[in-house]
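Consider the two complexes below, in which chain A is the common component and chain B and chain C are the respective partners.
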Partner chain A sequence: MGAVNFGYGISAARGMDLDRNDLGPAREIADEVPEFRACIACGGCTATCTAGNLTSFNFRMVHTLVRRGEYAGAYREMNKCMLCGKCRLVCPRGINTRGVVMQIKRKLGDY
Partner chain B sequence: MSSKRIVVIGGGPAGMQAALSLAAGGLKPVIVERAGELGGKLKEWHRLFPSMTEANEVLTRLTGEIAEAGVEVMLHTEVEGIALGEGGAHDGAPNGVVLAEGKKLPAGAVIVASGFDIFDARQKEEYGYHVYDNVFTTVDIERMLNGDKVALSDGTAPRRIAFVHCVGSRDEKVNQRHCSKVCCITAVKQAMELRERFPEAEIYSFYMDIRMFGPGYEELYQQAQQESHINFIRGRVSEASPTIDGRIQIKAEDTLVGRPLKMSVDMVVLAVGMKAAAGNEKLAASCDGLSLAPSGFLAPRDMFTGCVSSGAAGVFYAGTATAPKTIGECIAEGAMAAQRAAEYLKSGAKR
Partner chain C sequence: MDGLTFYSGFVVPFIVGTSVLFAVIVYKYVRWFARLPRRDKLSVRRGMFSGATVAAAWECLMESLLHRRIWRVNPALGYMHTSFALGWFLLIAVGWIETVAYLGGRFVPLQGHIFFKYFTTELQHGPRWGVNFEAVMDLLLLYVLSGVALALFKRLRSRAMGMRRTTQLRMGDRVAMASLWFIFPMRLLAESFTSGIHGSGGFLTGGLGGVLATVVPAGVMPIAELGAWWGYSIALGVFFVSMPFSRYMHIFTEIPLIFLRRWGVRGEVGREKSFDHFQLEACSRCGICIDPCQMQRDGGMTGVQSVYFIRDRRYNRLSRRMADSCMACGRCEAKCPVGLELDTLRVGSRYTLNNTPSNDRWAYARGGNGRSDIAGASLPSETAQVGYFAGCMTLLSPRILRAMESVFAAAGEDVWWADREGGVCCGRPMKLAGEVDAARDMMKLNEELFRRHGITTLVTSCPICLRVFREDYSLRGIEVLHHSEYFQRLVAGGRISLKAGSERLTYHDPCELGRGCGIYDEPREVLRAVGELAEPSETREEALCCGSSIAGNAIGGVAQTLMGRAVGRAFEATGASCVVTACPLCKKALARGTELPVLDLAEVVERHLMTAADSK
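Right after this comes the complex of A and B.
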């Protein structure tokens, strides 16, 4: 019999420390898709995303975390994307969101 | 003749324009200004949003026109209240203003253009203004830009800068519930100006909401993101504390990812809000019909057709005495208040 689970546990630190995070890769991605810096995190891309409506994939969350230098799991998450391009059609900042997907896949494979 | 004279309280943008419009209409305005110069806050700013026009260009245009029109200006003179009694333009109406030592300046109508106060950032102790070196306000940055001396206290260039929005606005803790309206766009403008000076610095802006209400503002925000590489993070900074190496650590929640965030920076810039002027209460108490909004700003008769009118006949409002506004909005109200005051003198029309 295991111990009773009270719902508390030691989990990985959730805090983000921008002194430790390496923002270099995030900068490289934004340099490839410059308008990505103008993202206002409106969530339009996530709302329309087919993958996001069928799985726990949240494109907006993944690319916002990437901008903060939180890369863990980003590459893996991106494999859920079907590159359908619907997100690009709705983005109010005109961001080449598929380009962002491709850049995350290209640059963050090691995280 | 004194009943044709109109006293304008305050020589900021709103008051200067009110006086100019009155003079253009053949009336006799007198600007009563407690400072030693005309200009109000405008004389402290460097470049103006959203067009980056030199503040001095707008200031000298207005003061030049005032001089050209021969508008009477009383400097170093403070208005204590509205004067009541016989001899007003119409029955029961104010007949001038009260100056220091009870001295009276007769007039047929009064335009209150006494402006706003800057929120004192020391009240938000958790941000360490005047406690840590290198915590500044947006007002300090304007002065530093004017002196061409933007730097850390030791004279070096900042490598990481954080702007904090809503300091002294939208905050029950300091009894300021209102949005000050101009601080978001001011912070965006200054972040871009700091980018010009410090091309290598990382610049962050912590906001609760970004309010880009004016023409060209949203475009400037987008430009700040895309071209000036300003990183906007949605979350209210809870505190600033010193680090062992003399920098400042700030904490916030990045509410867009739902995780706490911390980072150390060399420079913090607090986007201070516009507070109701301390003198509003005394002024309102001096005359029946004048009242304050819950924010402490003077309450106009209504928000639509009576936005430059008070509840008292012959007393009109212009500019930030009634709410946070931009310079352009203050100028528009100055002209409108002048027109209403002129109509009042002519016919007693109270609107």
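Right after this comes the complex of A and C.
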């Protein structure tokens, strides 16, 4: 700990330790909506999002974090979704994105 | 007196079974009825002394006894149901008359009617009132037995009757079904033994009795006779006890269901309700709802159709996957012979499983002082007669928006665009997902928005929005129109004129517009004005779903694509050069399923708008 801190460290808030994260819930979600594994994080869903149009809600960010086991705040964020289904129509991987929203809400209510 | 007694040890199972059946049924019905909301009870009270009661009685006769609607779908299945229902009913009714014919007004206990043959061997046989009752009763028994034979055959080879095997049976069903199959063969045997001993009986029981008397030693006959009557009574008793816990509960439950429905009681869209019990237990598990379902037919999703859903919900084993795997397309509902509100039941279960408290979720859309900050809405000064709500899906289809713009311009309409710069969803997708509380909030937001702009007509291009505006919004003073209705009025009123063409078009009925809102003719009228209309084989009330319904919460991309392709093939078979629909979601879904161009009605109208140059 005696090392000099030059200010180049990864800030704690953004640090993501995939070995420590509990990927169980992420896996359960992907099991319910198997296409979700094929997401390329293109952001099409966010670009078209009805809720994202009105607020800072960013669907791609939340579901990408969820896939990596970062669940904090995901449930609260998902409550902004209106389930309108636009994202599902634009998704190039044909993912049931509404299903993903609903699964995140079901499985991550405690985080 | 005639010295008849109507008691023997073997009647006990029957008496016990009947008492249990009666007690359970009364308990269930009274409980369900008591839990109906006051509004429903009032409408029952009002309906009871009106023509609705007569209509209900007639419907009971046609459906519960004759099963007319099942006949229409599948005659073999219709015969089976009728032979049990009508045959058994007549056996009881004619049996009653027979008792009176032989014994006059004398009191006869229940078991005396049911086991009439056994208790009245000392009576003079032969016709009464000029009617050969023995022959009539034998004929009826034969009729029911033919149904039993058919039912057995169906169990063994369900495909042969054009039906799918409906269910793996539960315990209650298994017991009830087995005992039901025993009832009538045992009755035949019991009556035949008695006839054989006393030389009575009609062509069937007398004939079989004669044969039995020759093959069975005379000493054994009375023992065999009593054994057969015991068997008959036990089969009846077991069936009656298991009936309320099996699918056969539908036999009785269809009757209160029909009456309640005629008196104006309905399920509540979006929530479970006590009335649902009547619907769930009136399902005969006939399986007619399986074949029309495209999830089954084209999407490769089996085991989630309405019959399975109803079974699981009735026995409290409903999974979320089951509740969510349905497009609420209404195709099965249109075919269900019992007329169950299958969409309503499914969506209601989603509420129970999925609804989460709203938590003021849409505060961001409401802005600081309860006013919405969303674009368009923040310009309360802008008012117009006509408001146009594109809906999320239309916003994804700029061509439809452009077409609407052209049509509004051609008609000289002063329009306020409600959600062009982004708005809140109509709320129906949320509602169909079971999140009724959150949906309610969104609806309020939009209601306020519409009111603020002083519109008197609200036009939308999206049937999903249309339906929720009509069914759930309170928009007094604002007429809600789908753009197809709006176009039809513009044309009829001479506000726009369309150029006739010769193109062969085919039209896809969106579920929410057709079965949902009953709008079939307006879009067709507009299309006939601009081209030749070719109908696909399944159309109007029977139209296919595009496969991408917003209600399909748990339907994967593969199933959607498979269903979309199947619909596409149906349109290609019409020989049309273009598929027209009137829903932005259907348009996108169909475009994935066919090579043909897919247009929204608005685009077609735009293309055929008569301009000043044309009319010269």
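By our rule, the second predicted complex is superposed on the first by the 99 of 111 C-alpha atoms of A that agree within 3 Å, B and C clash if a C-alpha of one lies under 4 Å from a C-alpha of the other, contacts with A are read in each partner's own complex, and residues count from 1 in each chain.
Here is the rule we use: contacts are C-beta pairs under 8 Å (C-beta built on N, C-alpha and C of every residue); 3 or more make two chains touch, one makes a residue touch a chain.
On a predicted model such as this, the values are computed, not experimentally measured, just so you know.
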{"item": "Simultaneous placement of chain C and chain B on chain A, clash or fit", "value": "fit"}
{"item": "Chain B versus chain C as contact partner of A:Lys105, first or second or both or neither", "value": "second"}
{"item": "Touching partner for A:Lys86 - first (chain B), second (chain C), both, neither", "value": "second"}
{"item": "Touching partner for A:Ala41 - first (chain B), second (chain C), both, neither", "value": "first"}
{"item": "Chain B versus chain C, judged by how many residues of chain A each one touches", "value": "C"}
{"item": "Touched partner set for A:Gly24, first chain B, second chain C, both or neither", "value": "neither"}
{"item": "Partner chain(s) touched by A:Arg68 [first = chain B, second = chain C, both, neither]", "value": "first"}
{"item": "Per-pair minimum CA distance [chain C against chain B, superposed on A] in Å", "value": "13"}
{"item": "Shared contact residues on chain A - chain B and chain C", "value": "34-35, 93"}
{"item": "List of chain A residues in touch with chain B within their complex", "value": "14-19, 23, 30, 34-35, 37-41, 61, 64-65, 67-68, 70, 93"}
{"item": "Touch list for chain C against partner chain A, complex", "value": "320-321, 324, 354, 356, 359, 361, 364-365, 373-374, 392-393, 395-396, 422-425, 427, 429-430, 433, 435, 438, 442, 548, 550, 553-558, 560-561, 585, 588"}
{"item": "For the chain A and chain C complex, residues of the former touching the latter", "value": "32-35, 48, 50, 53-55, 79-80, 82-86, 89-90, 93-96, 98-99, 102, 105-106, 109"}
{"item": "Residues of chain B that touch chain A when the two form their complex", "value": "202, 210, 222, 225-226, 229, 231, 234, 254, 256-257, 259-264"}
